[in-house]
């Protein structure tokens, strides 16, 4: 039988993972949900980060890589690309690897999705003083 | 043999349904099409609302609920979510039901789509003085 | 402080909701995950049904309606449409309402998505002896 | 004031356009809707073909070209690609132009969508004795 | 054995096609990639335009028509619609044909995608002094 | 000035990368294009694999990981998931990591996409004698 936990404990577990990966950007998303859908904020943290991200079967760096691929392919996820490009840098992907992943996405999603993701990275990299890349 | 109607009569029939459901927001969309594609405006009204929305087989409230699900899943439909979150409130869905539908969407569309729809609702609810929800 | 629960208890709570809504079709999906991703099966049950579906803020019937809208819009979800058209019938949506929701989807998703969902319903309704509809 | 028409007359107008463009494949889709959603069949014919396809502002060949682009990009529309690749041939697009349009789609939608559309064409071309292309 | 070319020669070939079709808008996209992903800019030009667009099997006008269909269906491609609506005008599609193609897209993609594309055209047409259309 | 290469040489370079990563499954796709669109087969190999995959900026294992994320998110890419789940195993991703990536995809794409990808993996793993996983 597994450990018995409260809803609050599961939230706290996810919160630690979220803070370690997404930093301030993650906190901002959860905060902005407080007056409209605190439950969605709870589930992002407690389930998304506490239950799924916390699993050791895939390294944080690998989770961000596959996440960047999904957000690029979905389209219309520019706010989430902003958060997760920051997260990708936080967990050890280099700016060059992120940009290469978006170049690679042209093969599977076409140029429009690749361009939109690359321009999302341009914004994040500029904010973090990482431009020009080459 | 069914009733014989003109194009103008079909437009008027749809216009009444549109006004009852979407109110000003619907009018604004149709007006903004006048100088670029009046035919698209006509078809939204005459076909979308006159032919489909007007059918009694599904209640207006239910039509908005399934519409919110579709717009959330499609992605990139923030302008339409704005119109239809307003419409959902107009036909009797409560703010809490709308927010719960977007939480539910996380199960089928993932968190990015659920977040984008929830933030669209936050904008509409703020404009209508409905915040904070809890 | 909320109630303390084990992982197994959360699974059991979701299992009851899943059985009540999806019946055998839900069980089959979870069973078919046993040798490839039991954790995905666990999360569908414990989180999707235990945490989200179980919430009282939206009636089971309304959850299926919005789910049908999302699955239609996403495309490529024919296996899930099969499960959730059955579920929709189980929780009180009539065949006519389901078919009307798919007709309505043509307005927002176009005819191809509306047709694919309608043919998914045709298969389910045939299996349950509900054809012809009119 | 425009001409007054009945629902049946609008259906008949669309039916002529549908038959001219889609031939047997179009008829089969409408027939297969008879016992599940005759209204969806009616709207495909009366609105899709009677109201939109019938407009002279874009040639039938051009409508099929843009339709092939949309069906490729949407994904999961293999049954509709089958119908519209046939339609494209019926209205004067050559097999080479259709295949080139799908090659072109790789630039905007990526290789998976381009491949799925190309294999849909392979099936249609084989049925019509058009293979090998080069 | 085909002609032997350098990477620079392939870029120059694509550049000529890009300039002829997209004009300034194309140049702006490539320029804005210089400090973040010059390789993506290279591939858009050398591969997208040099290898694919340059092929004679489909006329430039037809390529833009099918491209408009794909960008409309993908959703979230407003920046690319801006470029390619300009391109469509540059290669001989009339404003009326472009608007008709977007009206036609309602049949396959639904009204939200058709509206978003039409409003993208409204912005481009206004910039080029082409409004009102009718 | 870069090295001058022929079209055939660029194809051969891509062919080596394709064979190393995708093995027989890649060959089968290219072969099946011979009578319908040999140019699409050429571009998948010469551009996709020769130009993009061959770049050292992202390891083959990382390219498959981000590719699995994109194919899952796009939906309707079951044939491509089949090829790339095989490829992922060929370049060093473990079955457990692949399944975990698909579990992770539920957070961003929802359960239907996660389930479809997981069942694609079940088919590939069964063919390679890798089941049951746990």
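A few comments on the model shown:
Read from first to last, the chains carry the letters A, B, C, D, E and F; within each, the first residue is number 1.
Definition applied: a residue touches a chain if its C-beta (ideal position, glycine included) is under 8 Å from a C-beta of that chain, and two chains touch if they have at least 3 such contacts.
Bear in mind the structure is a predicted one, so any value in this text is a computation, not a measurement.
Considering the contact criterion stated above, the chains in touch with chain B and with chain C alike are A, D, E, F. Listed here as common contacts of chain D and chain E: A, B, C, F.
Set against the C-alpha centre of chain D, every other chain centre is closer than that of A. Ranked by distance of CA centroids from chain F, the top chain is B. Counting C-beta pairs in contact across D-F and across A-C gives the higher total for D-F.
Comparing the contact residues of chain C and chain F by number shows a mostly separate set, under half of all numbers used being common to the two copies.
Chain A and chain D have Cα centroids separated by 40 Å. Here the spacing of chain A and chain E, counted between their Cα centres, is 31 Å.
Among the residues of chain F, those in touch with two or more other chains are 39, 43, 48, 52, 55, 70-71, 74-76, 80, 99, 103, 105-113.
For chain D in complex with chain F, the touching residues are 75-76, 99, 102-103, 106, 110-116, 118-119, 121-122, 125, 131-134.
Residues 1-9, 39, 43, 47, 51-52, 55 of chain D are the ones that touch chain B when the two sit in their complex.
Those residues of chain E that touch chain A in the complex are listed here as 29, 32-40, 43-44, 48, 70-71, 74-77, 79-80. Interface of chain C with chain E (complex): residues 105-113. On the chain C side of its complex with chain B, the touching residues are 47-48, 52-53, 55, 57-58, 62-63, 65-74, 80, 96-97, 99-101, 103-109.
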